[in-house]
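Both of the next two complexes hold chain A, though its partner changes from chain B to chain C.
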Partner chain A sequence: MWPLSESNVASYFKSLIQKPAFLFIIPYFLVLLLLIAYPLYTNFYQSFQTESGLSLENYKNLFKNPLFFKILGNTGIWVAASVGLQFVIGLGLALLLNQPLKGRAIFRGIILVLPWATPDIVAAVAWKWMYNDMYGVFNDILVRLGLINTYLPWLGQPNLAKLAVIIANVWKGFPISAMLYLAALQTVPKDLYEAGSIDGVSTWQKFRFITLPLISPFILTTVMLTVMWTINYFPLIFTMTGGGPANATDTLVTFAYRKAFRFMDFSGSAALSTFTFLVILVFAVVYTRYLLREEEK
Partner chain B sequence: MYRKSLITILMTVCFLFGLISVGGAQEKLVVWIGGHVVEQEETWAKIVEDFEKQSGVDVEYRLIGFEVYYDSLVTAYEAGEPPDVCFADLGGWVPTFASQGWLEPLDDWLASWEGVDQIWENLWPTVTYEGKKYGLPWYTDCRLLLYNKIMFKEAGLDPDDPPQSWDELLEYAKLLTDASQMKYGYGVSGAMSETTTLGYMIFLFGAGGELLTSDYRQAAFNTSEGLEALKFYTDLYTKHQVSPPGTPGYTEDDYRTMMAQNRIAMAIGGPWSFPLIELANPEIKGNYMVATHPYLREPASVLGGWASVISATSQNKEIAWEFIKYITSYDVWVYWIEQHGGPMPTRIDVCSDVPQFQDPKWKVILDTFPYAKVRPPIPEWPEVSHAIQSMVQRVLTGEMTSEEAIEWADNEVNAILGK
Partner chain C sequence: MRKIKIWILYLVLSIIALIVAFPFIWLVITSLKTYPDIYHFPIIYWPSEVTWEHYGYVIRLDFLRYFLNSLVIGIGTAVLTIVIAALPSYAFGRLSFRGKRPLLLSILVCQMFPQVTFVIPFFVIFRRLGLINTHLGMMISYLPFTTPIGIWILRNFFQGIPGELEEAAMIDGCTPIQAFVRIIFPLAIPGIAAVAIYAFIFAWGELMFALSYLPSQEMQTIPAFLTLFVGQYQTRWGPLFAGSVIASLPPLIAFIFFQRQFISGLTGGAIKQ
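Right after this comes the complex of A and B.
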């Protein structure tokens, strides 16, 4: 391509257009442009709109709001705990489901599809009732197991509510992680384990030195994706607690929703959305660069 | 050859139909109906059909469930494609929408409408923004004490003698609470929800306090009455524990469901609660009742309801006015009450004429209604309400004392209104 000259550029585009893959991508690319780039642009533009023209005021107001930092902290906890637990449970289950087992397909179907396929609102309402402190099944089970003495107000106390929405989210989100890890595990050649067995390595060593290095690219991909999904995940919290009690479960997206749809502060909400977008962009860039590097290898 | 010409004919037909439907769109009135009345589909069909016959106008109407209604409306207005006519929550939404320039003022039409004197006087402020009226109130309600007669009897209380003062409320609630059976005397709305603000307001007004100054430009609840109300309201949960442990996550709707199961004896409710509590448990029919909410100094209630509004961008404003005038007419309302028995019409003449309202429950409602106050009809209301909710939640969760929380909310509300 370098040095850049007219004929160079022309021939570059010519060769690009001649590639069938490129032609197949065009319609998808155009739709993406329309459905993603345009709203992104209007949101970005609106975030600078104030009554007195374009300015940084919406952003200033955002960073001046003490609630913003509390919500940023909440979002951090929500994402770290949800993604962490989804990783541990997802990988653990994937390892179990990768063992030769009778009726494995049925287990996989029930464990990996059911929570994931439940519609968000249905899951949220169901969890809300399960956490109920008057007749919630969750409390009932914990009391019967002897873990607690009296019913706990799961959604009524700030710290419990944080924990409660995270548990619900982990339940809702672990299947997709487990499914991706299971797919990853199946790419690991069996003969490596056989070779290991001959050399007399332990199960833990097999996992540590064979499985983990081979599936680590998949782990990174999955964690990145779940981080982005979790930051953006709105319906569960909104339906279960509405961000309460006392903003304990408010995250960037529930706050942005409230700003726009409850307070009619569309510009303020746009500024918050742009901020959220930038946070996600950081993860997206890391992820994309990693993918590109993998491709070059 | 034959097949080819068949396709051509089909395509031509389709194209012509397309033209006709585009041409016909001119005289169509688009109406969105939301709120608690959308389940009465057949009645709406009949009302709309009668209007179509009478006026010769084609009405395209949609009945939209409450959960998605608000977001659908805001999205439609924000996108510049709103319905010609829609229902909006009076008090909360009408002034907010008007401040965005989304609504058409109705003053000129109202001036020449004979029904204007029949609308309850205390409803007009809910649809007024900067001196102009933007909505015609359609149905209304007021908040009352909803209580469970079975639980009253079990606790040895007279089910026909509900508490009238705060002292009685606390006394009764204590008698009605049995935590070991998970039965509680009074449900304090404490969730991040409008009902929490409404709960506080009823206690505030009952103590003789005001929420905002009369020009709505400043907070007015940071007074001894306001503090008294906040303390009493939150003490029911934190100190006396007559409200369930999950209080900071519950709304009056949750309590109504629990009341249907004989777990909550008293909570705030209203005329809309009747079908819903019976839906939650049909056996509760005849075993619940309403009363004016207990108060400290003066009877208090908060009114709510829905109004018809016309979009500023509508191409059919005259027809739109004809439509909302028609649905708010005496005859349509009497027909509606004959069919459903409620909700409460905004027309005084209908309320006093229909035999259905001779029922004791409706007597309580109509007696309490004149005391009912509006939520401040200002565009900042959702933010103000959110500050009140946070204030209550902070006390309920023990994050702040009542004194600290009311001071905090006072500053917060003044900052919102001072913008």
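Right after this comes the complex of A and C.
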């Protein structure tokens, strides 16, 4: 390849291009086999490993442990609340930011890019500080607005901590939902609204009977994506609460991580992460099949 | 009436923008406060005096080293991602072959796998291969997450280049290879840049693997370094926030320019932009 001249590059590609397209795919196959399939297989294998050989022991222990069901419930709350709020806020903001308006790009930049671009760890520590019971700005603002009377220990009390990490996650995650809904809104033909206006249809009716039906496939795909991302999302909870207090904010992934690297229970962690993987796999397969079907339409 | 409506819209959007930007603004303000201001009760919103001491402190703590570690891992991940993604994405975008559809499906499925499922296997594999505590190991561990998205972004790019361009070039006497090198490749450069930057930002902000595979402090990246300030009982907010502000700058700049490509990659083109 060196020195990198056009004829060198060209002859390199010539040798490749004359063979079937399959050769082009080889790099992807290598990643797929060595860096995806093989690690997944090792994890799967590890999840059956016990001191007395291979057995279902790790899974039995997992499903016998009441903590597992608590964490499963936590994950359910974390996902349902985060995704639900991101859907409502995301769609609402997409509708607002879809209005023709001067300076729209600036609003889009601040509202839709800033939280998304902030590194996970930075978002986590910024929120952790805002939630500080004594010096945190969150309590101060809520008291000033008269919403609470006394300062609350946001990350110290189980239910508040659940709420706190969900709020932080909604802040971090709503922009991408909003962007996807914004893109979806732009696929709705404008003349439909004009026709609606002539017929004297109200704004709500336009939304309900024109916008919503046309963007519903996009809503479905976006919600499924956010569900998967939220199940997988690790750094925020890990940094803000470490899963505490009393496992109140532990989800499948934070618990699996600590099981491995705090408690050194690799096999137990492998069983839990295999379980998580299977949950995601179901969503991912349904999502991609739906996506490819839509693409073919 | 219409004017009033527009002003209300501006007002609402400004309030929302303020609320959304607030955590970040607060981060910057706190990083410029003196300790008496940070731990002032009741809290004060505007610093009584602006100080750069936390920035100085973080830089004296060898921040440059972690910055360089992050830079090396980020650039390495970006280069490897491009090298791996370039040819498959060209095939997926412009050639037809048997098994294309299931392979495309596998790309979409793979990019959704939870990171936590890979954390133990890579640990075990890296320990065996002596890749623990190496930057190369970190780069490799990021590839399962950056290459599928990279292939997808680049595929969209190759697909978007009209086939007539190649044909026209060939009519003008170019060979197919010359057409690729002269016409298609230069047109895909923005896509390659988007993929490189996506991979860089992914590595730049990644926490779980960085905490797990880099036990010695001098190899650590910025996110892992920042967690050192988050203690179980006491957190040193000043330097933590100064470091956080610096760490946020590269991704903020990148996202302003490449948000569209990132979105199409992340969603598998669920929505055509």
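Assorted remarks:
Methods note: the second predicted complex is superposed on the first by the 261 of 297 C-alpha atoms of A that agree within 3 Å, B and C clash if a C-alpha of one lies under 4 Å from a C-alpha of the other, contacts with A are read in each partner's own complex, and residues count from 1 in each chain.
Note that a contact is a pair of C-beta atoms (placed from the backbone, for glycine too) under 8 Å apart; a residue touches a chain by one contact, two chains touch by 3 or more.
Computed from a predicted model, the values in this text were never measured in an experiment.
Contacts of A:F207 after superposition on the shared chain: neither chain B nor chain C is touched. Of the two partner chains placed around the shared chain by superposition, chain C is the only one that A:L180 touches, whereas chain B remains out of contact. Judged by the touch definition given at the top, the superposed model places A:F263 against chain B, while chain C stays out of reach. Residue contacts after overlaying the shared chain place A:W154 against chain B, while chain C stays out of touching range. Touched residues of chain A, counted separately for chain B and chain C, are more numerous for C. Of the two partner chains, neither chain B nor chain C is touched by A:F48. In the superposition on chain A, A:Y59 contacts neither chain B nor chain C. When the two complexes are overlaid on their common chain A, residue A:N247 makes contact with chain B while staying clear of chain C.
Contacts of A:Y135 after superposition on the shared chain: both chain B and chain C are touched. Counting contacts as defined above, chain A residues 134-135, 261, 266 meet chain B in one complex and chain C in the other.
Residues of chain C that touch chain A in their complex: 6, 9-10, 12-13, 16-17, 20-21, 23-24, 26-27, 30, 38-43, 45, 83-85, 87-88, 90-92, 95-97, 101, 103-110, 112-125, 140, 143-144, 147, 151, 175-178, 180-182, 204-205, 207-208, 211-212, 223, 226-227, 229-230, 235, 237, 240-241, 244, 247-248, 251-252, 254-256, 259, 263, 266-273. Those residues of chain B that touch chain A in the complex are listed here as 70-71, 74, 78, 96, 99-100, 182, 190-193, 244-250, 258, 261, 263, 379, 382-383, 386, 389-390, 393-394, 396-397, 399. Considering their complex, residues 6, 9-11, 13-14, 16-17, 20-28, 30-32, 35-36, 38-40, 42-43, 46, 93, 96-97, 99, 101, 107, 109-123, 125-130, 134-137, 140, 171, 176, 179-180, 183-184, 187, 218, 221-222, 225, 228, 231-232, 234-235, 238-239, 252-253, 256-257, 260-261, 266, 269-270, 273-274, 276-277, 280-281, 283-285, 287-289, 291-292, 295 of chain A touch chain C.
The touching residues of chain A, when paired with chain B in their complex, are 132-135, 150-158, 161, 241-248, 258, 261-264, 266.
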